[in-house]
């Protein structure tokens, strides 16, 4: 039985082995991330059936849970690790042809570190271990945002660094307070003792932890860093940031609320916060001239939608939220990757410079259109299936409040549809009408993007394929007692 | 009965129509202190037009005028003249639409003649039609809702036993409204905006020569006949005259006398139109539209409300 | 005034109808037009003979040339005459159309109208009063009876000659010849 | 009032004969050279209405006589009577052969059509006239029609042709 | 012949056409025509077949069903045949246009998605096909670049709002009844509360109102019709906008059931009276606005809205005659509006792009077939007897008058007279009158354009004289919907309150027409004359200046101009600007200073803790 710890160890090891390989030969280093995440993908796919029967607890160094650090590989963990591995694998293939200049080996190291941090956050069962992996994730993303080295890149990564460090310090403060009161760092143990002590002393660390994680999860007041960071990072990195980093942050927030603090009353506040994030994200994306800023704001909007779905606090709601995460990762990843080469070929991020690009780069613009249709939620694509589930979840609760909120959310989707369709129009129906030579993106990038498209269409047409894993993931959050009993025994 | 009506009513309509045209010219002359032409002058005009060699602007120019004359004759078949009514399919709605076909045919051939005078004439004809259609529709709707039927024959029969519609106080207002718009329907002087000889050299028929002019005169005669006959049928109870014909009911004489009474009533109504026609100068098209949309529409609207409320 | 003799009607309705329904082209060509309104209104009432002024030449069959004809008016007269349907009659007032009248030596007045369009009858008088017009009309009836009012036939038969005269005065005409070979 | 004007004219212009046939009408005969200055002088004096320009063809002494009729609107028009309207006829003589004269459009704008008509009917060419195109006549004439040597009968004869006699009309000969 | 196979052919046909277009354009034309005609053949084979097949279970376990009944067949045959005609038409219209592969692909995709809508047995397939139709229409509307982009955005925003309303409606049904199958939903819905039914009706009628352009929701239609390429605007106006009518039929008769819809709401304020009044307003105002248009396609677009009002009034009135009239009017309107758009397209094709009503004229001498189609089209639009428009309008008027709703009948009849005026302006300015010099040597429309025009004109006359053919199918529809049947015979409707017998009207017109044609021929032969030998008070006819078109109804314009502005369009534009400015102000939150960002974080924590300490709601 392969030990899930390998999911973290292998990419970490390769990350540190990379400088040595770099000495031997410069060319093969860009294939290492591809290998790492291919391994991760295969491993997590193998683990899925085992995990669905029975969650695996990995005790590091043989110590029993309350004392040693343990990994908790439940359906949620394995779902996220497969998602991270898949996205990482595809983006690393894309990066083979995209990252040409600049300190390439540093890019690959940081890239490996970022994704190992993400996998670690997802699988860990220990609070402090969560903080450590969270730090690895944030720091490597600060560095990668500044990778292009231009003025905008550096300025936005500094802003990201400042806000991230405020968040991490708050997170550390919260964990410290918790440790001071309960004397344990193990999530299950904390969850077990949480209801024995009075509420204000619990509430303050909870708020600190949630805010700390919330900054990375791009919740409304805390996500000011996202538009600058995503727009000035290289496209492959902004694909990873939008696709993986925000979802992992949100997973951490949910893990904290549901399993550790069991603060279900707090969720009602999260519903309104989610809707607010959606509206703010969509509205500020409406009149954007820069394509990557527009996509960044649209990610904020989508995160708001996921928050709304999950904070419905029902089995259907949470699985709908996870489904929306998956479809957002695929859709937004595809959008960022296709935009990457559009910008590379036209030289500027302005939407007005994309006029008539549909004739010059037909396949990439077709991929961009499919990604846009999936994000807006038009039928044959994954976005529609997830939106369908979210609305179903909201309406099954039967409360009038949620029906009204659904109305507001759909208004947000209409705004989103409006600005995405404007971009599609300018790609296909503006600019010169004379026949110009085709100047396509390189083949490797097209392959990775078309795999995204295949996944989007496959999940959109046949959503039941991942329904089982989504339900078990949702049930893991709903009944936290099994979590505690399975860890503490 | 209806098969005979198929042949008889068009003939009656044609003769009566030409008689009315002659009568109107005679009476206008008499009002202006001059002898005026003989009653049968329109017949002479038609024969003279037929003897003339006209010009044509193409096959569609001829098709329009043939369409308009034949549809006017078809219109007569739908009209209960006295007791005779050849076709009843479709009732008053089909009648309204067929009334539209006559002017539509002339409009087609007038425009095919590529003469701006006729185009302006046609646009005025349609504007005038739109103007008097508003009160006319209200009037007909009031009648139809009051008698709860859409067939003309039934309206005449109901009036046969329950007295003229013009008499019943519920339908007084629509009757008055119809009389107010009668000159407009017949294209008489105050509303002779369409064929204004001085301004647009007789409007749509500017290019109509010999036989085209003859066809137009026949169509105009039938149009006058239909305009008055509709009023007589709906408001003056067609062939009935306070039960005068009851003893003869069922015999051939009843039919003949019915037709005679019907024609007498029509001449009476024609006189009203003529007296107005002989005296009034011509309206401008805006004045005509404003007038028609003001008083007749108001009266007929109030009539409709009364009928709807009291039903 | 044999309007009410049915026999004549049955024998030759076309001619009789032409006689008793003159539609006059209401187109003032000269000083005589001032006589036409009184003749069609209350005092003299031409309508009792079936005479009505008509707006377009297309519907007319009688063309009154009321007075002197200048070269410019001649172009309009010829075009109007050619637009009238076939059995058409022309009556000229006064002496000016005959021999130029008092404008006999004017440099732009036509001396004899008959060269350009066929004229069926002349009414004497500088300008004839309405009674004279009616007398002219009765004479026209006689001419029609005797088939002498054949101006339009003359126009068609030797149209080439008329056309030549017209072109000689007005120069190149900007409307095509009325009768080309095939529709003579 | 008209007499002082006569004195003034005689004083200013030397080769001018002025006589007043009736109380407020004055005829002035001048040479063709001084006509322009005279017209502008009169205009400044208040005679600002250019009534008409006409021409007389003295064929036997081979001269055209151009007559400019200028008049003045009275200043205070409350008690204006028609008979007070003062007219001045300026006459000048130009030779008949290749007749040409200067245009007075610079002083009186509305003289333009009159000069065109005189040009068309008499054949006098006015230098400086913006458009001396034909005004009323359709055809071009070898001798302008209003000249005395224009033989109207002969012209009518060969343009409109001989009027057919009654006999000819009877046989219907064209 | 199973339904799945039909749809597979339709969708794969679209992709096949696109691919074959890569090889050669002739091949693509052949494939496109083959597929569309094949679809026509298949659908016609499915006449009165009542099948229902579950074709897919994978979508969240919902069983997606395709069913064929008389209503579905009626719309399906109309969709497929009109699209086939338009594709034959666009063979020559699109010959030298760029990106014609994309055009044919989109046309066949829209055709396939409309077919799926009509055959959908459950609401999820219905919604999926509806969405595919919407965004592919958007892509095809904005095909003509500059002007069309604005029209495309306006269309897609309004149809997105519509689809979102429908999505909420479908999911509220799914969540409260657990099933999406239309038949089950119908009997689940009867016991539920009136309020819930009213909610569903309103939500669905917003969607279908936008698509069918009922008065307040119609603003997208004029630009969309005018800017899209003519063959597509024919399909768009013919069948695509009438999916709204199909939707209304579905929701009012099949899902909520005819009996309940009639008594929803109190007395005057009941749902279908309001819908009738909206329909009536939609008949009158757009028809008079159409009179002011100077662009031929805009004029036809406004008539599309006006005629849509008739269908709504017919369907919403709730009697069997009204429903039959409404459904029949949908088919009739489709025939003559497609015909009119095709004839305008033919003119556009031969005068390369000119469709301004003020600068054309006299084309009936040069393009007889297009004129013939235009004439029959407008006579259908007016409802001249012997055309199919007359029969359906007669049915609607009879229901309104005998259903004692005289004011509705007045609005409908007034709409007809407005149509007469504006449609005559269309025919006069385009075809009749003086032929301008520059159009002297216009060539006739090519053969592939003439075939559809002739076929459509023939159908207008055929259904006009023998309305029994379509009415038999409609009769089975309204019987299935729960109305009592009308006794239909081949030439009309017989009922004791006034029969309609088209045959004797046709016979009368034919006989009298023949008589007077004979008399006309016997009388003296008239000499043909050129358009410049015209009465002009003795003067010569000036070239190019002797055709009266500009401001054709000038007196009415002066009176009606202030009232006939499209107030809803202006209102919606103002809303769009307001939203745009709000979005700009919202974006200002991200000021760009790191200080303000950190201040947000600290404020967030402080406020949460403060709230917890004072009210402790968490």
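Note that the chains are named A, B, C, D and E in the order they appear, and that numbering of residues resets to 1 at the start of each chain.
The working rule: a residue touches a chain if its C-beta (ideal position, glycine included) is under 8 Å from a C-beta of that chain, and two chains touch if they have at least 3 such contacts.
The structure presented is a predicted model; accordingly, all values stated were derived computationally and were not measured.
Undergrad: Please find the path from chain A to chain B through touching chains that uses the fewest steps, and give that number.
TA: 2
Undergrad: In this assembly, which chains make contact with chain A and also with chain D?
TA: Under the touch definition, chain A and chain D have no mutual neighbours whatsoever.
Undergrad: Please find which chain has its CA centre nearest to the centre of all protein CA atoms in view.
TA: Centroid comparison flags E as closest.
Undergrad: Would you mind checking which pair of chains has the most C-beta pairs in contact?
TA: B-E
Undergrad: Can you name the chain that lies farthest from chain E, using the mean of each chain's Cα atoms as its centre?
TA: Max centre-to-centre separation from chain E belongs to D.
Undergrad: In whole angstrom, what separates the CA-based centres of chain B and chain C?
TA: Computed value for the inter-centroid distance: 36 Å.
Undergrad: Between chain A and chain E, what is the separation of their C-alpha centroids in Å?
TA: That pair's centroid distance is 44 Å.
Undergrad: List the centre-to-centre spacing of chain C and chain E in whole Å, with centres computed as mean CA coordinates.
TA: 59
Undergrad: Please work out the Cα centroid separation of chain B and chain D, and write it as a whole number of Å.
TA: 65
Undergrad: At which residue positions does chain B touch at least two other chains?
TA: 50-55, 117, 201, 206-207, 209-210
Undergrad: Could you list the positions in chain C whose residues touch two or more of the other chains?
TA: 56, 58, 83, 86
Undergrad: Would you please write down the residue numbers of chain A that are in contact with two or more other chains?
TA: Expected reply: no residues.
Undergrad: Give the pairs of chains that touch; include all such pairs.
TA: A-E, B-C, B-E, C-D, C-E
Undergrad: In the complex of these two chains, what residues of chain C are touching chain E?
TA: Residues 27, 56-58, 75-77, 79-80, 83, 86, 174-176, 183.
Undergrad: Please name which positions on chain A make contact with chain E in the complex.
TA: Per the touch definition, chain A meets chain E at residues 158-159, 162-163, 166-167, 170, 199-200, 203-204, 207-208, 211, 215, 221-222, 224-225, 227-228, 263, 265-266, 269, 279-280, 283-284, 286-288, 297, 373, 378-380, 384-385, 387-389, 391-392, 395-396, 398, 403, 406-407, 410-411, 413-415, 417-418, 421-422, 424-425, 428-430, 433, 435, 461-465, 467.
Undergrad: Would you pull the chain D residues touching chain C in the complex into a rising list?
TA: Answer in residue numbers: 137-139, 141, 145, 150, 152-153, 155-156, 159-161, 163-164, 169, 172, 174.
Undergrad: For a test of understanding, state which residues of chain C touch chain D in their complex under the given definition.
TA: Against chain D, chain C makes touches at 71-72, 98-100, 104-108, 110-112, 114-115, 154, 158, 161, 165, 169, 171.
Undergrad: Quick one: which bits of chain B touch chain C in the complex? Just the residue numbers, please.
TA: Result: residues 25, 29, 32-38, 41, 44-45, 47-55, 117, 197-198, 201-202, 205-210, 213 of chain B touch chain C.
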